[in-house]
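There are two complexes below, and they share subunit A, which is joined by subunit B in the first and by subunit C in the second.
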Partner chain A sequence: MIKKITLAFSLSLMSLVASAEVTLTNTVFEVVTITNEDGSKQDKWQQPDKLLPGERVGYQIEVNNKGTEPAVDIVIANPIPEHTLYVQDSAKGINTSIEFSVDNGKTFAQPAQLFIDKEGKRVQATSEDFTQVRWKLNTPLAAGDSSTVQYIVKIK
Partner chain B sequence: MKKNKFSSVLSTSLIVGSAFIGSNAFAVGTDAGTAISNTATVSFTRGGTPDSEQASVSFNVDEIINVNVTAANASNNITNGDDNVAIAYTVTNTGNGTELFKLLDSINSANNGLPLSSGDLTVYFDTSPTPDGFDPNSINEQLYTGTDISIANDGFITVYIVTDVPNGAALNTKSELLLTAVSQTEAGGIKAGESSFGTVIPTAGEGTTNAIVAAEQGRNNASSELTVTTFDPSKSLVVNINKTILGSTALISNAGTNVITDQKIPGSVVTYFIKVAVENDGATALSISDIIPTDMTYIANSMRVQDAAGSTINIPTYIAPTLPAATPVTYSNFDALTDAADALDGATTSSNAAGRVQSITVDLGDLAIGEYAILLDATINN
Partner chain C sequence: MKLKTFALIAASSAMTLPAFAADYDITEFDTVFGTDISNTASLKYQVNGTEIDETSNTVEFKVDRKVIFSVTDNQTTTDPVVVNAGDNAVTVYTIQNDSNAPISFQLPIPPTGTTYSYVDPTDGVTVITVDSSDAAAIIPLVTGDANTPVTVDITVTLTVPNDAESGDQIFTPLNIVAVEPATDAEIGGGVTAGDQIVATPSTAAWDEDVIQTITIADLLNVDGVSVELDNNQEFVVSASDLSIVKTVAILSDPINSTTNPKAIPGAVVEYTLTITNAGLIAATGVNLTDVVPTAFDLTDAYVETYTLDAVATVPGIAGNTLTFNGLSIDAATDITLPATYGSIVIKFTVKLP
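On to the complex of A and B.
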């Protein structure tokens, strides 16, 4: 427990919780748009250089089963950091079900099923209203396997 | 329960309201140096036992260096001779950290018809959130003496460039004044004020974050014109010329007896005193001509001038020339001029075909506000 608290306050750009057998890695990137030679644009995840209001920050979260037996019912949950907004459609993860919360993790649902109160009216939530993102792995994680999920936020 | 829901709705709408105002006023964003931390949790079951792990990562928001300068008015209507005309500008720190700025005032030399010189300008600033216009006696306005001014992110100051309008500024003439605000951030030899857009200055931001220059050369400027829309003739250039007789001397001879008289009789040498007063504004290429009266003869090389800039001239005490030679007398503070058109001293004469000097001219050139004087002698013909 003490170890976890220490790590929660770590200011390093990458931290690793070394459990006996299942580990979780959380890494931050600066997401920039680059233009290819043919004029098309794509995102590039790079080492943080300019983390400014309005810029996009990507989180890559890797779960790694270093044990000898499979892990099941794997759920990765991540509150959207304070001072940031979730970027629509940015959450990704192979073989995962992705859901969001607009009530700080009390309930999760698909974006179409999320509503908030706005000026006394119940309205469809937008991606900027999301407070948490959650990935449920559809398959067990075999011993020695890892799975990576990711999403992007924009600094307010 | 009902009450809880009501307050929840209320607080939501308040947040929406304040965010609305914030984003409209300025686009700054999260403060530089703010830590953004992210903790991910994985829960899983292994060997029938539920377990979980966490991983955190944090970074600090870097600093944007950005500044916006606006002029309250694109053009300001003035009258020639106005004192303490103030042009208002607003300097806003549109970055996300507190920043030191230097202010530079300048005149667009290509648009300076009044004209003004840099020495005519004084800069005042007001850090009040509710500026009330320029008043030189207000405690809100501080004279800017070159000391860097700290402006918080989202904050602004009001700056006044103050000048007196030249008396001689002509109707519809304009002068354009620029105010520039320059970020003073620098680290490791990299100055924001000399850096192009996008330059990263490591560790120069709040809390040793990186600072990124988001305004070209770390600066911004705005210009505003002064336009003379009302002309007050009483304040413009006035040249007053006053010609008096300083004195005269005549020599009356009869049977070897000489009598000196100041009566103006044939043969009297009259000394004229011409005072030229330049008022309100400097004069350009000022030339004074005087016609020698018929029945009088100009005494050669008798023009004398007093033309020290900005002088006040009192009528000199008359000194009678020695007759019959009538050599022009030297007066203190006056310089003797020669009649020859040598262009060196500006004095010339104009003669008729018979060789009589009909008029004299003294070219005084460009004159500052002040008094000037010319002396000349002529004899009353017999």
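On to the complex of A and C.
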């Protein structure tokens, strides 16, 4: 009797582990501005060739459900790395709600609801005050599916 | 972690190559070269009601080095700057280090007759002077930023010879080469203190652990790798350039009066001395000596007349020697145009015994 239970228990554990295989991959790019033939400008993400103060770095984070069950309530969080500043409006992700933190990840909110203390006064935070960015995926990630989010920072 | 190379942007029409700025703005913070920038993402999700946390790989890279410096001189007048013969031609060059790294600057050995002097930036007090007998100096400058620039002033002094001629060209050159301030294994393939700083070729592949060196076009030597700047302030010498011409005329004689007078006893003879200054500075304190031929007697009853620019003047007289002291002759305004030269005219009359 006990043997059977033990076997069933370990089997269910294994199936739990086997169904939860969501990976997170972080990749860095250099973001440059290019001029099109018609004179318009746009960003291009490319392999870095040098990374200097004042230049922009793009991070692309891919979440991949390699398991057999859908993953729900997915939340991806990234720091704004030390020595960099978040580039306003650069965080993107299809079907996500994006929030930011100014207190190193303790709390997250929309930019309009973020405030900081400056010289004893409570002032609205700017994108340069953000310490973290977070994406909440609005829909589950089916087994075998992946989703990508990205943001850009500027090296101080 | 190997970098993925797929593009991220939506499809678009044909694009031109990126237009990278030739120079790099100095940021307020200017992160020091070699600083590690690290990023790890975190993930929370649920499967079948179980909450699971994951983290991504850590992406890390080192900030590369930009070597940028400027040199300005203190000459505010138009070039070339005028310097008088015998004076010092002096230019102060200010070097400002706008790199995100400390940089050392190597000065050459000065040419003979030229000295460089500067305040040692390591103590802010000691004045160092270098001349042609010294070894080449190396000046270390720490890194600054847009709010607190780091600079050193180099005074280049050259003494203009007393006998330099008006219009001569004089230069106070300063050629500065950027050299490594320290030995560092992470820069390029590893560098040693005192090596010339070498810009990383644009064809070099990026390595997140290797620090590249980038500079701007104006600082890149023709060899394509050395980082240096040539400066050469031009001066033009101003000097007095005097010449004298003496002419003689017969004003009158006892037989012909003033009509075609001849050089016969009793004739009144006029000597004219014209001193011309073709140089760019006025001549002052000029002393002129003229020996009147011994045929003339400056002490007889005839009253000689002496004028300087048509105004009566009194020379010193000793026997037959006349001296006119303390003369001033204006400078030329254009050394190529004789009509602009300064001049004075001395005339005096004597009677032929």
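Brief remarks on what is shown
Everything below uses one rule, namely that the second predicted complex is superposed on the first by the 136 of 156 C-alpha atoms of A that agree within 3 Å, B and C clash if a C-alpha of one lies under 4 Å from a C-alpha of the other, contacts with A are read in each partner's own complex, and residues count from 1 in each chain.
In this text, contacts are C-beta pairs under 8 Å (C-beta built on N, C-alpha and C of every residue); 3 or more make two chains touch, one makes a residue touch a chain.
Nothing here was measured: the structure is a model prediction, and the numbers come from that model.
Applying the stated contact rule after C-alpha superposition, one finds that A:Glu119 touches subunit B and leaves subunit C untouched. By the touch criterion stated above, A:Gln47 is placed in contact with subunit C alone, subunit B being left untouched. In the superposed pair of complexes, A:Thr27 makes contact with subunit B and with subunit C alike. The intersection of subunit A residues touching subunit B with those touching subunit C, taken from the two complexes, comprises 16, 19, 22-28, 48-54, 57, 59, 61, 63, 67, 69-79, 81-84, 141, 155-156.
Against subunit C, the residues of subunit A that register as touching in their complex are 16, 19-20, 22-29, 32-38, 42-54, 57-61, 63, 67, 69-79, 81-84, 141, 150, 155-156. Contact residues on subunit B toward subunit A in their complex (touch as defined above): 8-9, 12-13, 16, 28-30, 34-47, 50-51, 53-64, 96, 200, 209-210, 212. Against subunit A, in their complex, subunit C makes its touches with residues 3-5, 7-9, 12-20, 24-25, 27-31, 35, 37-48, 50-52, 54-59, 61, 63-66, 100, 200, 202, 206, 208, 212, 214. Residues of subunit A touching subunit B in their complex: 4, 7-17, 19, 21-28, 48-54, 57, 59, 61, 63, 67, 69-79, 81-84, 116-120, 141, 155-156.
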